[in-house]
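Pasting a structure below so you can have a look.
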Amino acid sequence: MERKSEIELKKKSLLLSKDILNSVVEKFGEKVNVIYDKRNRSKIMVDPEIIVETSIFLRDNHGFDHVESASGTDYPKEDQIEINYHLGSYVNPDLFPYVLVLSTKTSRSDPKSNSLINIFPSVEYFERETYEMLGVYFIGHPRNERFLLPEDWADIPPLRKDFRLKGR
Amino acid sequence: MLKQLVNPVNPSNFNILVSKLSDVLVKALDEPLGYAINWGRVWSLWPVHLETACCSVEFGGSSDPRYDVERFGILEAFGSLRQCDLIVVQGTVTRKMAPRLRMVYDQMPEPKYVIAMGACAITGGLYLDSYNVLPGCDGIIPVDVYVPGCPPRPETLIQGTFLLQEKIKRSKIK
Amino acid sequence: MGALNSEFRFGNFVGSIVQLVLFILAFVTLLVLPIIFFVLFFVPLPVVDGQVLTPYLFFSMMVDPSRTIPVMQFLIHTDLFRAAVFPGFAFAALIAASTIFIERKLLAKMQLRVGPLYAGKIEGIFQLLADGLKLISKEIIVPSGADKVIFWLAPIMFVSTSAAVVALIPVAPGWVAADVDVGLIAVFAILGFFPLIILLFSWASNSKYPFIGGLRALHQMVAFEIPFLLSALPAVIFAGSLNLSNIALSQNIFWNILVMPVNAFVFFISSLAELERVPFDLPEAESEIVAGWLTETSGMIFGLIQLGNYLKLYALAGLFVILFLGGWYGPQIFPPELIPGASTSDVSLLRLVALEGLYNPVTINSIFWFTVKTFVVILLMLITRGINPRIRIDILLHTGWYKLIVLTFINLFVVLTLIYGGILGPGGLISVK
Amino acid sequence: MSSLDEKIEEAKKLSMHIVKESEEEKLMTLSVGPQHPGTGHFRFIIKLDGDYIVNVDLDLGYVHRGEEKMCEYRNYFTNIPHLERPVIHDSANITYSYSLAVEDLIGITVPRRGQFLRALTSELDRINYTLYWLAIYGIFLGHSTMFMWPAADRELVLDLLERLTGHRITHAFNIPGGVRNDMPNNFKEKCLSQINYLEKRLKEYEHIFYNNPLFRQRTEGVGVLSKEDAIKLGVTGSVLRASGVPYDIRKVEPYDIYNEIDFNVQYMKTCDSFARAYIPFLDVRESCHIIRELLDKMPESGDVREKLLSNIKGPPGESFKRVESGRGALSYHLVSDGTSRPYRVKISTGSFRNIIALPFLLVGSKLGDMPAIYWSLNYWPIEADR
């Protein structure tokens, strides 16, 4: 009994995610890559220039209305910083368990990205934190400034991989 | 001798008399007053409301009905730091908090005492290698009593205040 | 200036106090007594019970202790004694001190705790002494840029103004430090000083939080002044006098609270607001404005203001008793003589124990009932602290200006109807003969 | 394109920093915290126009300890002790989420009894956290009895947790693969009796606190966060549910055993501070119910833990797992590069997501409402700073 409902849920979520991913790929074509599509989680990688359009498309057509989390990951070998937005929905009950990872990449030497603050106001502090911790400048964000670290912080952003902890 | 002392023409002699008298007075008053005031300080330690990190949960827990530090005259949830005489450094001191901690210490009236609560406040604890954490608060303010634990149980904190009380009892008043 | 003994015990503390007393005794015999004799030679002294009061009389009192009674009788009728000791400052301070202790214990019991326990062996009875000693010996910080004169003066003004209110409260027939004919008006006039003092002090502190607290205190007290005064009015109409003693005397048949319960309630609420107690402790709201106008107080300045606050608490509770709870009236429970047959006895010690001549059953009874009633009112004021959260300033002002003022008129009209109907009041059916 | 501009304008209307620059001189600036009885470990700078707040600027980071960086230097198991420090009184949930993420990464499932024990600690810690939160809410509103009562009953829950896990608050009980120990003897009876007692006490709290007219006056209609705004700001947990969105991770995305548990999602539609203060209280009631059900359905015996190597290597990949903690969704984004240490750990906490609503709610309200609004947001500063 339980197992059956489990399988049904799984099927439903897969169908749902397939639907969303297909529509995004259809709209933006080659600029979107689907990285993975697991149960209730899928990740798409978009080109930096269309991040705003993609998020508007996701918000208006599929009902993603907030970010669960936004963060960045430093990849020094590829000379890139990956920025992830974990999108979720409070409006669409089908999307309640579903989290879509919208990610983009920016270069490490001049990290810049378009801010999503006008589409999802909930990214405000997440983007400020990412700016501080990884040095990614968010174009359009009103406050790219000191947030969590002390005011006199003069080192490189701490979550970069070349920032080493003392004694490690 | 007495004639010399009370001779009003020579003011230095009069000063000697006064200072002798005041010495006698001080000797008589010092010990009982010292006892009295130290006794007052021992049973009336009001901690300042400054939370540096997560030990504040156990600090708050120590004033709950089971541990009830008001038994020992420790009144918590006090408003202004001007009326407090004890800082309990509740856990990790970050680089951002350190200047504020010092500022709070400087603003408190004398006499003031400091308890470093938790491993982080003593050495940095679990966060020893973190980039934003100081290795203990004793580089910023002088610590009287160290209370180890991560976090220390309320009983341990109470034990720490006992040690502080012992220290106050043995101190000289100014 | 030797280091203190590490054997720090309460007994040692008492021992040191005894040592201090012995020292003072020696000091007195060697220095003070000669000065007294010197003074005696030139200064005329009052005549007590047919004898001139001289130190030689004291020696004779050691032999016959009952001879002290006339001296004490003389002393307790002096103005200084009344103002400073019995119905005045010392009595009120004692009640204030016990109020603080009772408050802490009562709150602790309400909150499933034990409260102060170890300072002074028996249930932490000396907790207040410890706090006081600590506060006396603490550094006093005057903030930079503060108006030093006002900063130092305001706490003293606060205490003396509280003491002035206390001086107007009668505790028994004839037992009042200042028996003025416009007693009630005087009380309200003096209470009107508090907002000024608080505002001056908060301004003198040169800090933001005290300033907000001071403004809040001003708003609050001004808003509650009018219902406060109006709620006391029916009692005045009843008694036909503003004299507090006369108001109390007018209630020998029934208590005022029976005909004006609404006004008693309004008076109680207004006095809570006047005292800045929970739920009206907005000027000291910790979670909003640190400690309000007390933020920059340290050491004895804080201690003095607390003392003043609790003196005020006693004064207003006493005023409530005088106005509404029948003053000092209560069933006579003290016997006409403390020890029967002591007056005819030859043993002078027995006469001393029986307080022959000093003991007045009616007065003692009045004082007893007054104190009991005052403590009941104080307890009511304390209990509100345990069961209520803090109110917000706009709700408070709304309550003061709109609701309470209207409520006071209800009882005013009831009382006026009863008086013009010829039922109550001076010359009514039920009234003081 | 015009529609995009319109939407951006609309979003700007929701902007959190309203400054009337022309009236700057009239304003009074107050720095609230970090040494302030009304804040705790963080600071906000408010500007006052009379009694009204016109601008709020948050200053976080007083307890920022760099947990995310430290995670990259420790392996999957040694990360547990420091990861639970941000919320030591809700440590079961913060490690629960981490364990789920690690298990998702390496692809194991926890034995059935272990899942029940995890849920049990999680619920007990939720009660523990919420009672502490309630105590602080009481003292923030000047109600000292309401500080003492929940704090006293919290000790009973702590006794249970100490018996179960070995420590009062920092348990380190939920680890990748299951839980550390099995339940001690007689735990079930003891737990049930404590829960029964707690439910009786909850009624008394309602009498003395929630039904108090003064408390209602201070919170009802204060700090209204409408449903639309709550969704836009992406708040979570009790704040979201008080705004009328029945979103509980335990229900919408059941983890471990929660799909077999029958419980209700508590939500209210009044959107004000009272609702935000009342929802966690209702959650405690629901938790009592869940604990009873868990103890009832728990298998009598069995493994509690999938044995793992102490130095497990995560396969390259990502996982994102969340649980419903006392403050809302608590999620871990774990990136692994195939070594025994995580490559990147991002902790997204309920507090960090809820605090975004504070400037939004405080602007335009009175100074006296500040504590009522601030603490109703179910915010724990250390967790936001990490």
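The letters A, B, C and D name the chains in turn, as written, and every chain counts its residues from 1.
Methods note: a residue touches a chain if its C-beta (ideal position, glycine included) is under 8 Å from a C-beta of that chain, and two chains touch if they have at least 3 such contacts.
What you see is a predicted model; the values in this text were computed from it and never measured.
Novice: What are the mutual neighbours of subunit B and subunit D in this structure?
Specialist: Output, common partners of subunit B and subunit D: A, C.
Novice: Tell me which chain's centre, taken as the mean of its C-alpha atoms, is farthest from subunit D.
Specialist: In terms of C-alpha centroids, the chain at the greatest distance from subunit D is C.
Novice: Return the chain pair with more inter-chain C-beta contacts, choosing between A-D and C-D.
Specialist: Looking at contacts between chains, A-D has the larger number.
Novice: Using Cα averages as centroids, what's the distance between subunit A and subunit C in whole Å?
Specialist: Centres of subunit A and subunit C (C-alpha means) sit 67 Å apart.
Novice: For subunit A and subunit D, let me know how many angstrom lie between their CA-based centres, rounded off.
Specialist: From the centre of subunit A to the centre of subunit D is 22 Å.
Novice: Once you find the CA centre of subunit A and the CA centre of subunit B, what distance in Å lies between them?
Specialist: It comes to 50 Å between the two C-alpha centres.
Novice: Send over the residues of subunit A in touch with two or more other chains.
Specialist: 149-150, 158, 163, 165, 168
Novice: Return the residues of subunit C touching two or more other chains; collapse runs of consecutive numbers into ranges.
Specialist: Touching at least two other chains: 111-113, 286, 290-291.
Novice: Quick check: what residues of subunit B touch more than one other chain, meaning two or more?
Specialist: Subunit B, residues with two or more chain partners: 65, 77-79, 94, 96, 129-132.
Novice: For each chain, which other chains does it touch, given as pairs?
Specialist: Chains touch in the following pairs: A-B, A-D, B-C, B-D, C-D.
Novice: Hey, which residues of subunit A end up touching subunit D in the complex?
Specialist: By the definition above, subunit A touches subunit D via 2, 6, 36, 40-41, 43, 56, 65-69, 71, 73-74, 84, 86, 90-91, 96-97, 99, 101, 117-122, 124-126, 133, 142, 147-150, 158-159, 163, 165, 168.
Novice: Sort out for me which residues of subunit D touch subunit B in the complex.
Specialist: 34-37, 40-41, 61-67, 69-70, 73, 81-82, 85-89, 132, 135-136, 139, 144, 147-148, 151-152, 154-155, 168-170, 382
Novice: Sort out for me which residues of subunit D touch subunit C in the complex.
Specialist: Listed in rising order, the residues are 28, 30, 36-38, 51, 138-149, 152, 208-209, 212, 214-215, 217-218, 366-371.
Novice: Enumerate the contact residues on subunit B facing subunit D in the complex.
Specialist: Within the complex, subunit B contacts subunit D at residues 48-54, 56-58, 60-61, 63-66, 77-79, 81, 92, 94, 96-97, 100, 104, 126-127, 129-133, 150-151, 153.
Novice: Can you name the residues of subunit B that touch subunit C in the complex?
Specialist: Residue positions touching the partner: 26-44, 65, 68, 70-73, 77-80, 82-83, 85, 107, 109-111, 169-173.
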